[in-house]
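Take a look at these structures.
What follows is a pair of complexes built around chain A, which joins chain B in one and chain C in the other.
This part shows the complex of A and B:
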């Protein structure tokens, strides 16, 4: 278990600074990417960048069309789905490209890096990591989606309430956000954990890196999983929100 | 290991990032996409309209051409008919003219012949009288001479006619 730098480590409200910083970094990457794309917008002659971004928007819109009951809701959810897709994609990839840790033997108690934790983590303090490799963050995203979907549902309270005649749906309300968040976390965390394990394979006779082919294979697979998980999380988000939009069910 | 602080702060962070990204990145791109769609639709409808217009214009031109051809044919036909008529008329006039000329010249000849004949008669009569005077050696009075002239003229006229 890595020793993440924490704010308020011993209270009931610990904040993982690496995760939040990485979220902001991922957001900045997305913003810069979109600004670069937006700086060369043209109605008549779209550039490669513009084509790419338009393709992403089109892709997200198709995704939303498949899961949302009406065209109005597709337009409503489109910015959120677009942001979520790009943000998660970048977040997942950040960890595949690199994870950076510093090795320290100096405990910093106010950041939660205690001597005991350092000993557990062999002195590794991660500073650069996928934000989605943190369970609390992915569950936070899933919870946010859950809240949005119920806001949609409560626009028509009677239908929303009638939905819960069957108690199975109450269980679903717990399992859906839980699996939604844990799926993303599990995939990304497992990918990074295995990369770390492969990296720790010793180099034979100090020249033959026996772990290298394994690492390459796993990096490719991780990259694939990172892209797929961003897609899966986003489409499940539109699906959950779409399912709760009872008011618009008619014009599908 | 669940961290409540990370949970809450990541939601807040994401929402802030979402608002920024929507404002800064998504909306201009989506507007552009919308504009592009509008532009393409406009171009398509414009092209369709232009095609229809050119088609109708082509038809119009064809109709005008057809009309012009028809008119030319008509004009040619009427011109031909008129030319034929005129030619016939001219021919008739010419024939008439010729007839008239022939007639008048014939009359002229007749008249001149008659005049010449009269002149000859007069001179023959006077010659006859002079001859008879010479033969008769007879003094003839003016009145007798006149009566003889008349007689001779009358006789000659009867003889000639």
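This part shows the complex of A and C:
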């Protein structure tokens, strides 16, 4: 679709600069938010920010409690789930708030912006975009979750091997990470792409914006989906890790 | 000719996935209403699981929408 600026565009491992920069930006937003919240800790008079962060932690803990087999594992997965929830929420919302792209006609071959790609994207080079609207990023995160879940399962190798007696589980090993990543990517990318399509609706008589109500409705839905998908990705992560933890006794 | 084939492909993709997910969403929400009618005090926890189910069912037409938009605008060059 759009011509992203890439490092090493002709090698086997091109690096999408926009996505990397937006990931770092989302991480910085999360770090600064949590730093500011942590600097104003008070037991006697909790501020609004502290209440908010405590509510998020409690929310995540409840989510992990429903899906993980034991209290020890809930404590183990809580930092990861909390970080994942906040990071995905922020990075999904970055794309809802704004997307910035420049229009250029000059191809920059060493950044991977070739004339052919520019013609296909109508000269649009995105600079500020949701990092989760990129398939490689979400599939990479899903793959990371897959690795963690198998790391958790291989702590008890015999039980891990025994559950493959059912061939359905072998198919699940492929479909689970695939749908896990594609779900997030599809939702965020479709949201942004459709905003772009709605914005290209012409203005009637140069006065009446026909697309405005449509845009408002879709923005509202997109914001809702951004929040829900961060939640869904995190709860599926705890679910996949919890399913693979065979060594733990259930205590609820 | 070729452009029309892409249009038909995208229309079929979106229409079929929307029909399927409509049935799925209907099933999830009808079960949610049944559950709330049977046990009104459990509304909160049922609602969160129903929302999760809707989000999971709803993901597939949205994935189809993303791929439809990609196919429509790149005309199969991807």
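Just a few scattered comments:
FYI, the second predicted complex is superposed on the first by the 248 of 252 C-alpha atoms of A that agree within 3 Å, B and C clash if a C-alpha of one lies under 4 Å from a C-alpha of the other, contacts with A are read in each partner's own complex, and residues count from 1 in each chain.
Following the convention adopted for this analysis, contacts are C-beta pairs under 8 Å (C-beta built on N, C-alpha and C of every residue); 3 or more make two chains touch, one makes a residue touch a chain.
Everything quoted here is computed from the prediction, not taken from an experiment.
Taking chain A as the reference, the larger set of touched residues comes from B, when chain B and chain C are compared.
In the superposed model, A:68 makes contact with neither chain B nor chain C. After overlaying the two complexes on the shared chain, residue contacts for A:141 are found with chain B alone; chain C is out of touch.
Of the two partner chains placed by superposition, only chain B is touched by A:15; chain C is not.
Shared-chain residue A:3: touches no atom of chain B or chain C.
Look at A:81: by the touch rule set out above, it reaches neither chain B nor chain C.
Of the two partner chains placed by the overlay, neither chain B nor chain C lies in contact with A:125. Shared-chain residue A:96: touches no atom of chain B or chain C. When the two complexes are overlaid on their common chain A, residue A:237 makes contact with neither chain B nor chain C.
1 are the residues of chain A that lie in the contact sets of both chain B and chain C, per the superposition on chain A. Per the touch definition, chain A reaches chain C in the complex via residues 1, 120, 179, 182-183, 185-187, 189-190, 193-194, 197, 225, 228-229, 231-232, 235. Within the complex formed with chain A, the chain C residues making contact are 51-52, 55-56, 59, 62-67, 69-70, 73-74, 77.
The residues of chain B lying in touch with chain A in their complex are 1-11, 13-15, 17-18, 20-22, 24-30, 32-33, 35-36, 39. Of all the residues in chain A, the ones that touch chain B in their complex are 1, 6-8, 11-16, 19-20, 23-24, 27, 30-31, 33-35, 37-38, 41, 43-44, 46, 50, 53-54, 57-58, 78-80, 82-84, 86-87, 131, 134-137, 139-141, 143-144.
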